[in-house]
């Protein structure tokens, strides 16, 4: 299952080269991830309220084409790996049919005191049903 | 007493108009304020660790000239008003002798539970000695 | 006429105090302004493409309550002053019926070479019809 | 040759988890790269003024420990790969002796019209002398 989140490029996200600064994509990935979790029935806000944090421990991105101010970009988000204490999301950013960027974020599951812990069973199950092969 | 903090304009802070986005100045004001507090002997980090928060409740800025990528901008920070439960900082951003922007931030003093409280006496006294007339 | 733009607070927009950093509001004001201009038939992207820039020369904000991660905030945007070479927008940020913040941005109209110029007549007329008394 | 750039974590760079948001590291990498280029005698600002752009086409990061507000972080920057039309920088972020994060950015060399071009010979030579084996 792939989640689809449309975003619009903000003026402040552009830099003097004209297009969106590459760091903006990490923020868009976060919106994609937030959208997927909400759609799965487990908003990240509620996950955190239950004492479960999912900090990013690794990330990577490739940038193929620039995203311009006011462009509508669609973030496609999937779960590509799921462990009892870790999850990886993969992202593709498209403008119409044009692929602008791809990326991933790997997260571990910790307590508010930053100790490793298991994903809650209901979150694990919900993410399982979003899991897809990473044939990107 | 005026505190002086030099900063360098980051690439990511520019927008497609070429110069620094106007929201960057709020971040630079924050660096000026952080610098003044540290110089006063009360780093904001320590103030917060003691359970005293100083959220911004009002801010204003005027922009006269653009700040370009890699420019060195000097932030001049002063305390312009001091109350038992509130403090106002004023800022001037200069590139050499050229005034680029002015602004202020007004802060109230609250507990971590967001209840109003007095500034700690030692912080109040330190800020008192930074207080200047606002003849900007 | 008031334009209404819903936004969702991003995780990256929060700071360690828990709520959205005060600089985020300038970005949300920008989204409100972008939305109003698009609704008026003159997307800012097209205005810039025609060689007309509207840099911010002054801004001010008051913050009443914090905006939390994932909150839906509605930005209400109006034109409160219109001159041949300048325009002022006013903003109110609401979470349901609760007013979180108010603010304004004043813009001048310049060429890409940063020379003052008049607003194009069609943009001026469109903004005129959005002009409201500032009884905020 | 490794270039060393100290930065201080900004309040606005933290998120509600308490430490710096992971996207901040891309901005710090940029400061490291900017510092290395300036030290090499070729400030990026001058490179761009000569019509040579170095957009990021790929990036990756690993996060080991959080960076807290007001921490001084030292960014160690190296050139790890150099081609006639591309360059890769690697970064390590340390707080005292503690490694917080590592990462890289790969850049291609393009004209302002976004056509591939060679790195200018003097920039290529300067980067050559910064080239190190990536044994990180």
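For clarity, chains are labelled A, B, C and D in written order, and residue numbers in each chain start from 1.
Following the convention adopted for this analysis, a residue touches a chain if its C-beta (ideal position, glycine included) is under 8 Å from a C-beta of that chain, and two chains touch if they have at least 3 such contacts.
The structure displayed is predicted, hence computed values, not measured ones.
Using mean Cα coordinates as chain centres, the one most removed from chain A is B. Centre-to-centre separation between chain A and chain B, using Cα means, comes to 34 Å. Separation between the centroids of chain A and chain C, computed from CA atoms only, is 28 Å.
Note: centroid distance chain B to chain C, computed from Cα atoms, is 23 Å. For chain A, the set of residues touching two or more other chains reads 11-12, 17, 23, 26-27, 69.
The touch graph of the protein chains shown is complete.
The touching residues of chain D, when paired with chain C in their complex, are 11-12, 14-19, 21, 23, 69.
The touching residues of chain D, counted against chain B in their complex, run 10-12, 26-27, 30-31, 34, 43-45, 69-70. Partner chain B is touched in their complex by these residues of chain C: 17, 22-23, 26-27, 53, 55-64, 66, 114.
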